[in-house]
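Take a look at the structures listed below.
Both complexes below contain chain A, partnered by chain B and then by chain C.
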Partner chain A sequence: MPEFSKMRKPDVKIVILGDMNVGKTSLLHRYTERKFKDTVSTVGGAFFLKQWGPYNISIWDTAGREQFHGLGSMYCRGAAAVILTYDLTNWHSLAELEERFLSLTDTANHDCIYAIVGNKADLTGNQAQQVAGQDGPTEDQGEGGGVNPPSACPTPPASPVLLSRVTLNKQVSREDAVSLYGRILRYKGMDESNCLPADKMCFETSAKTGYNVDALFETLFDMVLPSILRNRTEREQSPTVDLEDHKETGKRTRARCC
Partner chain B sequence: MGTERKGTEAVIHRRLRNQICSSNGWVDACCAAEMSVKAFELVPAVARELLMGDKARINIECIECCGKHLYIGTNDCFIHHFLLEETTTKGTLSYSVQKQLVRYLGLKKPVDALKAASALERLIVLCDSTLSMVDMVTLEPVPSGGSKVRGVAAFCINENPVNGDPFCVEMGVISARRRTVQVYMLYEDRVQLVKEVTTPEQPCAVSLDGYFLCLALSSQYMILNYSTGAAQDLFPYDSEERKPIVKRIGREEFLLAAPGGLGMFANAEGVSQRAPVNWSESVIGAAVCFPYVVALDEGFITVHSMLDQQLKQTLSFRDGHILQDFEGKVVLASTKAVYVLVPLPLERQIQDLLAGHRVEEALTLTEGAQRNIPKDKFQILHKRILQQAGFIQFGQLQFLEAKEHFRTGQLDVRELISLYPLLLPASSSFSRCHPPLHQFADLNHLAQGDQEKVQKCKRFLITYLGEVRSTEGANGCREDVDTALLKLYAEQDHDSLLDLLASPNACLLADCAPWLEKHHKYFALGLLYHYNGQDAAAIQIWVRVVNGELQDSTRSDLYEYIVDFLSFCSNLDLVWKYADWALQKDQTIGVKIFTLRTLAKNQTKDQTGQINPDDVITYLGKHNQALLLYLEHLVLERRIKKEKLHTHLAVLYTDRVLSLLAQSSSMDAQVSAARDKLQLLLRESNLYRVQLLLGKIQDCNQLLLERATLHGKLEEHDKALHILVHQLKDFPAAEAYCVWGSASRDAGYQQHLYHLLLGVYLDRDIPGSSSTGPGGSNGTGELEMAAVDLLNGHGEVFDAVQVLGLIPEGWSLQLLRPFLGRALRGSMHAHRTSQLALGLARSENIQLHHDRLKQRRSPVLVSDQKGCHLCHNTFSEPDCVCLPGGVPVHTHCAAKRVVPDSPIKRQLANTSNHT
Partner chain C sequence: MEIDDNKDNGETEEIISDLVSVDCNLSTGPGSLGPSLSNHLAPDPAGPLVNTTNVMLKAPTNSNPPSDTMAAPVPGAEAAPVPGAEAAPVPGAEAAPVPGAEAAPVPGAEAAPVPVPGAPVPVPRGPLFGAVGATVPGPETQGPQTAPVQMEKETDESSKTECQTNIGGQPEIIPEEPPGENEQDDSGEFVVTMLARGKLQEQGVGVTGGSSPLSAPSEGPSSHRDEDVTAESWRQHRKHVFVLSEAGKPIYSRYGSEEALSSTMGVMMALVSFVQSSDNTIRSVYSDGRTVVFMQKGPLVLVSVSSSRQSEQQLRGELLYVYYQIISMLTQASIARIFKNKKNYDLRRLLAGSEKILDGLLNLVDSDPSFLLAAVHCLPLASSLRDSLSQILQKAITPNLVFSILIANNQLLTIVQEKTVIEDTRLEPADVHLLLNLIGASSAFQAGEIWTPICLPLFNPDCYFYAYISYLDPPECTVCLLLLSTDKEAFYAVADCKRRIEEAMLAQSSLSLIAKARCYSVSQVGVSDLRHFMYKPFDIPDHHKQLTQFTSPEMEAPYSTDEERMRLLDLYRYMHSRIHSTSRPLKLIYHVAEKETMLAWITSKFELYTCFSPLVTKACAINAITKLLRWIKKEEDRLFIRYPPKYSTTPNPSKSSRKSDQQDSIDNGFMSLL
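After this line comes the complex of A and B, so read on.
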């Protein structure tokens, strides 16, 4: 068997998790290609290599479909940052982060950074809608009648909040995301006071308009820099990894959703 | 993000874009359209007749290939041995098969697996859950030197053995009943169990690399380090529902069948470093033949690229049930026959991709093959592919991408230029490379008559050449590049044409001149001639444009440009040749040929390109206006101090004034402007011949001021003042005359002039003034008032005592009060100041006396032990200087340090004679 070439080894890994249809692939497209284009539900997973200064950062886009759920742990193994993505107009997608995706991150690095990202901010009638202009043939995305279409995900809100017509689509408040962040830290057994604060780690983005997308990725790139440097030194020292390391974490009790 | 990073990012993006696309699954939708790559060819190896003839129940169960040896195990417990010989006829590869031995194992059970241990010349056979060995050639059983390994469900060979012994084969074995995996070392004479590991579930497939066992269990995959016992769960997989695949594809890397029909990659650390490929759910076998993953399912062989995860090729294959790779050779089997999946040469694959305009994929494939091709060969290939890719994109007007590929592919820029008809100079030695990099004959062929396309391409070439010019890329073909660029600029009416010609360039004159003419770029043509040292031709062209013989509106001020050009031109013949032309058009502008020119510095060695002003003056004789301007230039601007020039200029000025005065139609303003110039020259210059001028204006009563000035030059101040006071009656002018006349002279001279003026004012014997009667007395009164004003206004310059003697008796004290008051105060002040100075001098004198006496009282000690305080050397002679405080220093040291007039110096003077 020939020793074929491997791709340039990335210095660090960032993984995007989240339910199907929340816009993970779209976010990554927006960041890397500066545009919003049609996507198809991701099969398996894919990754981008991003050159960030002298470093190579791999960003894994995972599949949200239930069918591929089992692969998540493997993608997360050794991740330095995980982007937990939900759809701001779909309360269920936030709940799923805790129900289904959080446990996948057990294989991530012990000092992994977690970001909670509410995407599709353009549908919530806040400022992101106005951040128009970042081209892309996306204007015809069914915005007839001035009312934004409901999210393609038909799940009803878990808490039957009565929403006015104006904020029709916004089903997840920032507070919900912030409190999820707190629960994640508790789940990880991390001391909140030693961790990055929730207001820095909870983002609202729009892959469609580009709102906050660069900020999200570039904030994370800066935050994983210590991991990069550590990886570089470790790689010089020993190539093996203690596989036992991760055994315990999976058995910890999960915090339940409200 | 910085632009410098763009290049690498572009490449990465390109690759990754493809990855994302493929993983998103649109391959399913697009494969029909996209799959034109032929990466592999399926070549029959062993036909059905050779194996089982038409016995329908006999099936192939397993295969093994080792070098030329092909072994086939069947369900009726036979092992068939063949020799496979590759033959290539007319570029197509085929296999000829020689049947060797056939062996019946005598069990009526299927042969489940065969593996060659070539170092031991054995074939390991799995049949009836038992591992045994046969000789590779005779297929005779070989005693394994002990108990057979029984209860085996599956086994694998370690392709990355940990044992250094080349005659030892390492084997991973799955037990059929117990949840264990065993590792054996197989020697020539024995089989040794090295390790037994229990697994949480029943294992059903295994692969071994180093110490790492990659296992498919009934509900998941895992990686197990049998040396440390460390285990790593990979991901869930229902092995009962679907056949798992565990395929070692390289050092510590495995390919696994994953839920949803994925092919997942995992390394020994349990990390996926490549994005998965998207197979079908029913995949049976998979292998890697770099850079492709080939997989077999119920009806097809699929080929995915590992570089971009895209599906590249699908080959239909019925009844397939085995796909395995043996030392890079992918062998497939249906139940009845064996085939080899032969990869097409990489270059051909790449060319196929390029032919389908699939640039990104072609490049990805090329770059992915880097490690498999020798470096120098790769570089040549890579460059060529980049260039071809560039041309494809160029043809699609994707200029940014094309440029990037031309640049990275180090394209000979002439390949591109040669696409544009007539741009390369006729003398260029260039010929396109062979085989050609593209299929375009030329730009017209490419554009198919679409003029807009042609224009776009031309604009692109302009920017591209502009950029290439400044890089090494143009080395060796600068003439071609610059000539092409010039032609494009000219044709496109581009502003940079002139910049190109005005800066260092390698445009070929012979080729460019007709082109510029054709496009009426005569100004540019002149520049080109000039750049090539043909100034005469340059000017000739330009003059024809100015004269209207040729049309070129590049410069509306071409005439001025020519004048300017001539003023710098070092070829004097040319200057003289065209000076007349220039002067005839406009003397004031034409004269700049001479005035802008740097003048000959006297006696400089290099006189080339220098013009003698006298020649110019002679030459300009017939061009009055120009001559005047030229003289003004020499005298007023260059301040050349030559009597001839000054006199000449003064005479010209005078003539002009006189002629203006003579014409009744002259305007006052004209006259006064001309006079101002004359007066200024007369006042400021000391070089002209005064008498000559005086003679010229002697008879003109309107030029009194000029006459006064001329008298002044002759120091005939009384005459001058007389004119000013009595004829012009211009008292301010008279006073100004005193200031002018005594400028740069001493105070005495000034006083002298003022006294003269006073005298003129008070002179009663002026015929004109005394004879005028009442008017005269009026005049006298006027003069007296002027005298009073002069005294009161400039009292300080007068000698008061003398003045008192001059003024008429009858003047009242009151009249001269300001003058007298100031005179008195002045003399008082002088008196007191001198008194003060006297007192100060006295006191200083006394002070110094005191010091001297003090110094005298005690001796100044000088010895050769004690050095001088200033230079620290010892004293060699008794002479010394005593600083205040009695410090002795060398006389010369003191002299050096002391600033003249400082108190120390004075002290010095007093003490230097002591020792």
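After this line comes the complex of A and C, so read on.
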């Protein structure tokens, strides 16, 4: 395939994961098109190329539906950053990140950066009518690591659509997200002290109002710069680059992190 | 109109004399229907359906004479056992070697040569439920003239009358085998009254849809999900579709949430299994104004509850599309596996988020005749332009790429296939419809490049292709490229094909040429009374690997509103059901409706549906059809995709020999998929 090199080769790959309906597509639309518009549930994954200064950043917006679960690890292959997205008003969507999506990131780069993003912040802000006590959803949890979608799940909960009723209650606290971040680092066998701190990597956003969306993407772009530079040097050395390269861990710095 | 009618009758009788020869000529007709709906879309019902019909005919006629309109004429009660009917003397239609039309070679073909004034005349009809024709009692002024041969004359008034007669008619259950027990009627009634309690809409065939909530595409796709299922308006929907598992678990409902409907679905399943337990399969239930059709496919049960007056066969074909769309997302093998492991698995878990795709499909099924005809509609394009587009696609290939499809405004521009694939099989219209629906339903992604697994159920129900979907003209997003690969990992290679296609199209300014392409107006045919038509050529032996297509002009005034468009489609559906009736297929139907005159004609070479202004005479109509066929012949290179090109995905196709091409393709993993 000699023509292959003609393609605008992405320098780095970022993947957005998360349960269906949490707003992954909306976040990306907000960032790339500066607006919030109607979406349909994503099928498979959608690939976007974002020009970031002199660099080409590829972003994969994946489908949250269980139907496409099997593809997740393919989209994640060689990723330099993964955005784990949940819906701030839906506790279950946070639990799903750990149960269903975390294992997909096994194919990501060793030094992959993880961001935890609670979306739909507009539903929890000051406008929220009431912040009633809400311990209810804890029993939504259960069933360990649904790795194989169809069979592995003894007690299928109601479908995610039904669970994501829009309550005005903030169901997920920042602490929940922060502790998930810690568990992710442990899962990855990373030393917390060498990694980016949770308070930098847990975001709350609103695709609807735009709150914190640019900050999310641009912070991440800055953070993957080292990966970009590394990929570029490698490409100069050998013409056939594959994004799955796992070499060179730990070269990450916090350079330009704002 | 009266005068025309008389003429019609006169002509009709004349025609009968030529009949026999025509009949012989066309005895191959049914065979040539192969690629039509009956084969591809409803393979299974074709056989048993005949039985079903018989059952329906026999069982209830004695008990409830008023509702026997549903049962149509009992075979023996045929007015005249004369085999055959008439041939329309279409002179010299080029595309049509046999200028005639004739009765179906099926036994029941009826002919009523002499109109008996005032006598109720059994009009030929299939299992079309509650439709026009049949005995028309009452103040039917047209009565005497409705004594047609094949060329029946029907009026909307008559259908209304009949419709009312139907009210309160007992529901009938039609199991595959003659019903032994009466209890079935009870349970049938139970469900039917549950489902169809809604007031009967008095819709004649010609006036359907006026007030009913149309599933027009303009309605936001899933806006019906939160509907109150106990409300009258919910029952009033023209066509409900439900999907449930064998265990009775709801999987999909077109309107209202599946949850709210779980008890209704439970009842349906109870009914299905009740009938099954006596070794029958429930196929359909007819009740006042509704047809309920059941279909079991593997572990899934699909149910259609329709007041659209479509034939059971058509509704069954539609359910099959729904089934295929589900298969296209999950594959047949995995559905079977899931339910084998766990009988009461909640499939919504996997289909969550796909409701819009199914909703969109059902809206298309209602509004796009491609589904009815089981054929694809391509955008008319100068053949030189189409060829150059095909060549562009043909050059931009990569290993494991098997289909390259270019689409503009949801209409096909061209399809190019890998050689090995095309040798074995071809892309079926139904698979193309599913692909187009998927693209339509995911159009929100216009800026990105989609990579998603998709199964083409008719191609192979058990494996996935990987579809690359991208628009070539952002931000308008009307021209869409669809590349299908067998390799899950091939995204970057396939995306690179797109870039090459983009470059080539830029160099040839293809996009601006495509933008100028339009569907045509019927006025271009130059026949004054012709308002609309649909023409579907059948496979001709030499081209049997071609995709089945049809051509049709834009729907223009008076069919410019959704309601009017739907009304015309309903007329077409009615004509189609008559032509394809399993019990009594017809070859030519001349149908005078209130606001238009319809003529449908099927030969071994084509299937044609035409719509004329109501005042056209039969002679005019026949003359018009001759002109129309001539025009189509002249334009066919523009109207259809001819000789779809093939490519080989070996890196150097130009000089490699055919044999090694195939070998490579096998190595590429395509064969292992099969």
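Going forward, the second predicted complex is superposed on the first by the 187 of 258 C-alpha atoms of A that agree within 3 Å, B and C clash if a C-alpha of one lies under 4 Å from a C-alpha of the other, contacts with A are read in each partner's own complex, and residues count from 1 in each chain.
Here, a residue touches a chain if its C-beta (ideal position, glycine included) is under 8 Å from a C-beta of that chain, and two chains touch if they have at least 3 such contacts.
None of these values were measured; they are calculated from a predicted model.
Contact with neither chain B nor chain C is seen for A:Arg174 once the two complexes are overlaid on the shared chain. By the touch criterion defined above, A:Ser73 lies against chain B but remains apart from chain C after alignment on the C-alpha atoms of chain A.
In the superposition on chain A, contact is made by A:Thr32 with both chain B and chain C.
In the superposition on chain A, A:Met20 makes contact with chain C only, while chain B stays out of contact range.
In the superposition on chain A, A:Gln51 makes contact with chain B only, while chain C stays out of contact range. Within the superposed three-chain model, A:Arg183 lies out of touch with both chain B and chain C [touch as defined at top]. Chain A residues 1, 3-4, 6-7, 25, 32-33, 39-48, 61, 65, 67-68, 70-71, 74 lie at the interface with chain B in one structure and with chain C in the other. Listing the residues of chain C that touch chain A in their complex gives 259, 329-330, 334, 337-338, 341-342, 345-346, 348-354, 356-357, 398, 438, 441-445, 447-453, 467, 488-489, 491-493, 495-496, 499-500, 651. Note for the complex: chain A touches chain B at residues 1-7, 9, 25, 28-29, 32-33, 39-51, 61, 65, 67-68, 70-71, 73-75, 77-78, 107, 240-244.
Within the complex formed with chain A, the residues of chain B that make contact are 5, 8-9, 12-13, 15-17, 19-20, 22-26, 159, 220, 223, 225, 230-237, 248-251, 258-260, 262, 264, 266, 269-278, 288, 290-291, 306, 309, 325, 327-328, 368, 370-372.
Touching chain C in their complex are the following residues of chain A: 1, 3-4, 6-8, 20-21, 25, 32-33, 37-48, 61, 63-68, 70-71, 74, 149-151, 153, 156, 158-162.
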